[in-house]
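Structures follow.
The following pair of complexes shares a single chain, chain A, combined with chain B in the former and chain C in the latter.
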Partner chain A sequence: MSLGMRQYRAMVRKDIIAELRTKEMVVSMFLFVVLAMIVFHYAFTVRGSVRLSLLTGGMLWVVFVFGALLGLNRSFVHEKDEGCLDGLLLCPVDRVTIFLAKTTANLVFLAIIQLLAVPVFLLFFSTSDVVSNLPGLLAVVVVADIGITTLGTLLATISMNTRSRDLLLPIIFLPLIIPLLIAAASGTAKVFNGDAGLSSLLGVLTFLVVYDAVFLVLAYGTYDFAIGE
Partner chain B sequence: MESATSAVAETTARPEAMRIGVTTAVFAAAGVLLAVGLLAAFWWAPTDASAMGFSQKILYFHAPIAWCGLLSFGVAFVAGILYLRRQDAKYDLLGVAAVRLGLLFSGLVMATGMIWGKAAWGVFWAWEPRLTTFLIACLLYAGYFVLRSTVEEESRRATYAALFAIIAFVDVPITFFATRLLPEGLHPVVIRPTGTGMVAADAVALFVSMAGMTLLLVGMLRVELGIETLREELHYLKNRLGR
Partner chain C sequence: MARDGTPAPAPHAGGEPGAGAATGDGPEILVEGISKVFGRRDVLRDVSFTVERGGFLALFGPNGAGKTTTLRIVATLLSPSSGAVRVAGHDLKDDPMPVRRAIGFISHNPLLYRDLTAEENLRFYADMYGVTDDGRRIRDLLERVELSHRRFDVVRTFSKGMLQRLAIARALLHRPRVLLLDEPHSGLDPHAVDILDGLLDEIRSEHTFIMVTHSLRKGLELADQVMILDGGRIVFRQTGQVAEDAFAAVYREHVHEGALV
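Let's turn to the complex of A and B:
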């Protein structure tokens, strides 16, 4: 195994072990997601007149994006406050490796939340047969998650080094994530409305893959500047 | 700080009178072209035959402004790349000036678009791809100034601002396509791959207005850059007095 690969694996392991010790990020993200679903239920059912199943795609992604924001904000706070980041930067590690490891760890946490949250979501809101459309849903979620964590990790690195930290991240993250949100929500809505084979999701998936690729390349080119000396 | 002061010194060392002269000339040319464009739009170009009728005249104003908004963000993008490569403070100042003007022009695009929307669609706001794209761009670039205000250290502020200008500009075309994924497009598409669908008079009026507006942007960028440079200089002098 190459040196870069070993460093990458070590850093991902470090993040996951640190999270397993406290579990604070995953637990709070999960609680937030479930609470948001309850808020949605009461916000959108005015005298029971709305068919919520039509809104499920959008609701799911609003919940995921804001849940991810919570996690992204936390992901660098420990590093910064405990001085871990300085240590990491002193190590002879490529900055891009740090970025990839951080992104992977954030992706893992987001995926865990989704694994827990989607069943709850289906229990609360869905009436359609999602199980048969599972490959489609899975594809949209995975590709969109990569985009959220790539862009999110890059911007969280920037916002961590500013004065207002967690206040700044949503302001710069949300406008940039809107295109992904549009595509992911429309793809998921198709799945929930039962008219989604993988072929009908092709447009959405292609868009999401391009989006991921653009920001991966961008992060690769600029992460040195983002993380600082 | 070093690089900022050297930029200041370099700019002020340039003959001031010539700089002002060039800027004045650019503004004069912009004024002439915009006036000619407007005259051509109202007196020469025929009134639109479709349902749009007279309200279509706003195109000669609206489209050039939209172009200038995007061009300005493009300038910020290039300035961002140049800053990251050369770490020269003057590109940071150019970036600030360009984003500020881009925001101004984007605001004007939405204002003129809403006026036209009221005439053509009967409502000021419709969740229409292009209108929405510009709204998102405005919010995005407003974040640029929030970001700047939260970083104290100058070189770091410039680096992050440059980074953000690059990321944001990459997002603009993506947002454009994403909003188009949605079916409800009300906005007329004038310039298509198959041709413009305009008669000669329309096209001349539009392109003269475009050239005029672009020159106006160039002139305003020069003024903004001058102001930003002076502000840096003032900041530097204040700091020296403080010591």
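Let's turn to the complex of A and C:
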């Protein structure tokens, strides 16, 4: 195994072990996601006559984006404790490897939340036969998650050294995530409406892949600066 | 310009094989005219010094003098605004990876993950530095710092002294040639200080050191070169053994009267 791969695996494993031990990030994200769904459920079913399938895609992704934001804000807490970020930066590791490992860990945590939250969502907002459209839903979720965690990890890195990082991250993250949110919500709404084969999602998926690629390239070019002084 | 004292003693023979192969026969650490500006504040101004292989430089000065900034620049954690640094023959700016491999860093922060066990922390850093015999190396180092019995305990439960001992194991894990110590005795109880001093004595001949400290006695005991920084400049330096009383007088003269030599 190459040194870069060994370093990448070590960083991902370290973040996952720390999270399994504290459960701080996953529990807070999951609680937020479920509570937000309950709020949406009561807010949108008062009259009982609204066609929820028009709204569910948007609702789901608003909940996921804000849930992810909670996790991203905490993703560098372990590094800041006891000066561990210095320990990491002292290692002979390519800064892009640090970025990829952090993004992977954040992606794992977001995926865990989604695995737990989607059944709850279907319980509250039972729509058409989602199971038969599962490949389409999975494709949208995976590509959108990569975009959320790529952008989120880059911006969390930039904001972690500022005094008002809890405030700064949402301020810079939310405007930039809107294009992804629109595409993911549109794709998911198609799935919930039951008219989504993979071919009808092609436009959405292409947009999301381009979005991911843009921010991956941006992170590749700037991460050394972002995590430095 | 700094005042130079007696000539430096012959460098110690290198002990444990160090990480980061050297290129050339120059000094182990070469700092040439570095300056550092934060915003409008000059934190370091034209600082130059060398440390030969096996040498021990103790860096003194009041708070805000630029000692930690100097150490962080040598450690590659900060880049200088101007000037150059070479460690183990490698230029810090052009070739930082071998410099990082050559350096072990111990500060008053242990740089350890509180939610991982002692062994998990060391295994993580072993992976990061590509240590090949990691299992044996971790066992040996935990024995050396007397923490074998706590290897599976989460670091969050450790005392300050235990954390600092584990931090020493972390810093030595990849067999660095150069050890940078930033106030390593800070916040330790007398027993922990004794253990740390014992360890430093033990490894004294194996590495090249720079130690930032406020303790004249600790610094002078170990160092073969001393330097005082004040206001971002070197105001005094001397090589060879220095008597504590004489150095205390020099320190008071330069730091409190603000004289530049």
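As a convention for this text, the second predicted complex is superposed on the first by the 226 of 229 C-alpha atoms of A that agree within 3 Å, B and C clash if a C-alpha of one lies under 4 Å from a C-alpha of the other, contacts with A are read in each partner's own complex, and residues count from 1 in each chain.
The definition used in the following text is that a contact is a pair of C-beta atoms (placed from the backbone, for glycine too) under 8 Å apart; a residue touches a chain by one contact, two chains touch by 3 or more.
Computed from a predicted model, the values in this text were never measured in an experiment.
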Please work out whether A:Thr22 is in contact with chain B alone, chain C alone, both, or neither, and reply first, second, both or neither. second
| request: Give one of first, second, both or neither to describe whether A:Leu3 is in contact with chain B, with chain C, with both, or with none. | output: second
(request) Go through the superposed model and pick first if A:Cys91 touches only chain B, second if only chain C, both, or neither. (result) second
Taking the superposition as given, does A:Gly83 touch the first partner, chain B, the second, chain C, both, or neither? second
Chain A positions within both the chain B interface and the chain C interface are 228
So, in the complex, the side of chain A touching chain C is made of residues 3, 6-7, 9-11, 13-14, 17-18, 21-22, 78, 81-84, 86-93, 228-229
Chain A contacts chain B in the complex at 154-155, 158, 161-164, 167-168, 171-172, 175-176, 178-180, 182-183, 186, 203-204, 207, 210-211, 214-215, 218, 222, 225-226, 228
Residue set of chain B touching chain A in the complex reads 84, 136, 139-140, 143, 146-147, 150-152, 156, 159-160, 162-164, 166-168, 170-171, 174-175, 177-179, 181-182
Chain C residues touching chain A in their complex are 75-79, 97-98, 100-101, 103, 105, 107, 109-116, 120, 123-125, 127-130, 154, 170
